[in-house]
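Residue numbering begins at 1 within each chain, and the chains themselves are lettered A, B, C and D in the order written.
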Amino acid sequence: MAQPTGLDGYGPEVVEEIARVRQVVADLHAELPRWELVVWTAGNVSQRLTTAGLFVIKPSGVTYDQLSAESMVVCDLDGTLVDGDRSPSSDTAAHAYVYRNMPAVGGVVHTHSTYATAWAARGEPVPCVLTMMADEFGGDVPIGPFALIGDDSIGRGIVETLRGSRSPAVLMRNHGPFTIGKDAKAAVKAAVMVEEVARTVHISRQLGEPLPIAQADIDHLYDRYQNVYGR
Amino acid sequence: MAQPTGLDGYGPEVVEEIARVRQVVADLHAELPRWELVVWTAGNVSQRLTTAGLFVIKPSGVTYDQLSAESMVVCDLDGTLVDGDRSPSSDTAAHAYVYRNMPAVGGVVHTHSTYATAWAARGEPVPCVLTMMADEFGGDVPIGPFALIGDDSIGRGIVETLRGSRSPAVLMRNHGPFTIGKDAKAAVKAAVMVEEVARTVHISRQLGEPLPIAQADIDHLYDRYQNVYGR
Amino acid sequence: MAQPTGLDGYGPEVVEEIARVRQVVADLHAELPRWELVVWTAGNVSQRLTTAGLFVIKPSGVTYDQLSAESMVVCDLDGTLVDGDRSPSSDTAAHAYVYRNMPAVGGVVHTHSTYATAWAARGEPVPCVLTMMADEFGGDVPIGPFALIGDDSIGRGIVETLRGSRSPAVLMRNHGPFTIGKDAKAAVKAAVMVEEVARTVHISRQLGEPLPIAQADIDHLYDRYQNVYGR
Amino acid sequence: MAQPTGLDGYGPEVVEEIARVRQVVADLHAELPRWELVVWTAGNVSQRLTTAGLFVIKPSGVTYDQLSAESMVVCDLDGTLVDGDRSPSSDTAAHAYVYRNMPAVGGVVHTHSTYATAWAARGEPVPCVLTMMADEFGGDVPIGPFALIGDDSIGRGIVETLRGSRSPAVLMRNHGPFTIGKDAKAAVKAAVMVEEVARTVHISRQLGEPLPIAQADIDHLYDRYQNVYGR
């Protein structure tokens, strides 16, 4: 693995925030197996710092039992390792691209959760036929392009799909969901909710066509929910 | 959030019942994730007091790990907050409408459980093709109207559907199940059972048409079960 | 509830066996929720005594958290309560009928497990298309008749279907599975396995027709497995 | 059961490795119920020794609660019991055949995991329509022949299917998956991943045809993943 560039030159408020966010990100990873969104070592959560152009993310290939605050790694917005004993997740470049290009995003999550990935494999958006989808997603859950790992393709696909969408989740074709939020917790909630709605709509459609919700009703529900919960 | 109007003017027997029912309602919320009826903070349970025109319900946006008797809130039958540190669940108006209009109901539960919500999204009642459905529901599980949150529409839809039905569960269109009972425990049992029968009948219908049960047999099973269990 | 007739007239070896079997039956009930075969208070396990014409079964309407050796009840082979503080399970008459009419059976289990009940609702046997089905069931899992609770109809349906079948499981139409074994543990294993094969064959058939296994191969697998495991 | 031939004639380094690998194999068995790949006593994991022509495997008919390092048994590459208090798994001959004929394989796992077995019952390979399948399997998951237990048929079917395939998993027709790896942990990971991809592709195909991934993209993903993770 590449040597970390180190935290020299960052102030104490950055060091302090890193310690805090390492704990937050480690704890949030435990939500992924809890809600059955991942198997083995798959899936990753990151959160951007507010005090520096850095983010904290899961290292590569570590099982969920072994995740601790200390094992989390710190990268800059190019995805270069800054602090940590392990290599960052192989999806780090995608997280970094999102942070560079979506300033309001403070957290990113990636999983291969079953039902969301099943829609992604067909390249088919999840239609907005549930009031909880109107609340949380404000419409359909969109599909992103097929993109290979190794350069900015995945990150660019995420950003281009989510810009101008209300949805905090994109289903990358043949791959799986990426979700965003104001912080890692909000992105984890979106990852839980996108699997929930993908599963429920899938099951509904197995025996017929779900009834659509009128666009005006979707708009009403979305506006109310976002205001009530102050987002 | 709105300031609670307070418990001044309520006697000691009311204060005592509130303490007891807060614990009951907090404990019953733990049944919702246990039976996989909810994710994240979704779902809510309430119970009406026997000593005053009040009910106890879950606060809004609290995760299932954080639920304690103390965090439960008390509302009057208009849904106005009477006692508690947090805002009541955003579904409080629907619970309150049910209590105002169905005097025999002592408990209400709302979830977005997967299979029940899948039937709700198609607007299709669950047909009574299982002896345990005949026992518990006395017939099909009915569909309620599409209704927006924010006024009495949801509550009215629940009450109009369940009045004159044997079923303690209604599937609100594009939304999810509401269940009722003589107390919160009975409503939670109905929430568990409606998901169970929604799932089993769904799976049965995936490979063909389930065999109907004759109406006379449904009536016989329902009458026997309700008498044996003394409801 | 009816008063128990009591253990007067039974010798110390019967009293001792009752104590032991109460623990066995209580412990085996914990396997039902563990393998997701039951919700709420549904499902029941019984075991016949070897020292007297009695069997131990779960009481009615008790949740799985509350099950203890002491709460298990003892009935005679007519299903009459002999010892215990609670009413026996409402399925006791069916268990008793099986013990009266199948002398080799020492344990009976009833659940509403999802996939087995889904086949039962269509009245369709589970075809033997898995080597583990050939091992355990020696062929298809058969369907029993529609029968109402309240007399011997369910017990008679079980016995008439399983007599002359290799299968230790019958799917009672519109109702759910009953399983038998040389003792309660064997019947619980059959309840776990019938749900497993009902689920796997269901899922296989969702996307096409499973390949049949030749009858000679089914016979060969069944004979080998029953001999190896000494049943 | 047959008497073990014993460890006389094996050096201390072999005895030491056996003690270590017994623990590894016992611990890895706990992963099978954890990821819901097995019920009751089904499923088995083995690992080949590096210091002698022996392997460690689960004994027959033991429940997952009872598995300890001490209960694991040692067999030679003909599948003959060398050390241990119990009979080896009834699938030992298949494991032994793989070790004799695939020198690079250090671990073998067999389960009846639901979705993988469902594809196996139709005799249909799982098509490579997910990037995680390209990573882990390098293409479709292949089907092996129908084979009866009792001689080398199952082992030969595994080896003939996996030789010349990138996939570490084969779905034996009407039976279930066998997976291989450089050690038991890698084979367990393959068992977890084959069920995951079998489930996700199954669910995707329930509502339409998943989009294919171009062969060149599959090759690119597979080469990258195998190099990054140094296999």
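Rule of thumb we're sticking to: a residue touches a chain if its C-beta (ideal position, glycine included) is under 8 Å from a C-beta of that chain, and two chains touch if they have at least 3 such contacts.
Here the structure is a predicted model, which is why all the values come from computation and not from measurement.
J.: Using only Cα atoms to place each chain's centre, name the chain farthest from subunit D.
T.: Greatest centre separation from subunit D goes to chain B.
J.: Counting shared numbers against all numbers at the contact of subunit A and subunit B, is it over half, same, or under half, different?
T.: Mostly different residues.
J.: To bring subunit A onto subunit D by a C-alpha fit, how many degrees must it turn, rounded to the nearest 5?
T.: 90
J.: Averaging over Cα atoms per chain, report the distance between subunit C and subunit D in Å.
T.: One centre to the other, that is 33 Å.
J.: Counting in whole Å, what is the centre-to-centre distance of subunit B and subunit D, each centre being its mean C-alpha position?
T.: 46
J.: Which subunit C residues reach two or more other chains?
T.: Correct list: 206.
J.: What are the touching chain pairs in this one?
T.: Here the touching pairs of chains are A-B, A-D, B-C, C-D.
J.: In their complex, what parts of subunit D are in touch with subunit A?
T.: Against subunit A, the touching part of subunit D is residues 35, 129-132, 189, 192-193, 196, 199-201, 203-204, 206-211, 213, 217, 220-221, 224, 228-229.
J.: If you look only at subunit D, which of its residues touch subunit C in the complex?
T.: 39-40, 42, 61, 90, 112, 114-115, 117-119, 121-124, 146, 148-150, 173-176, 202, 205-206
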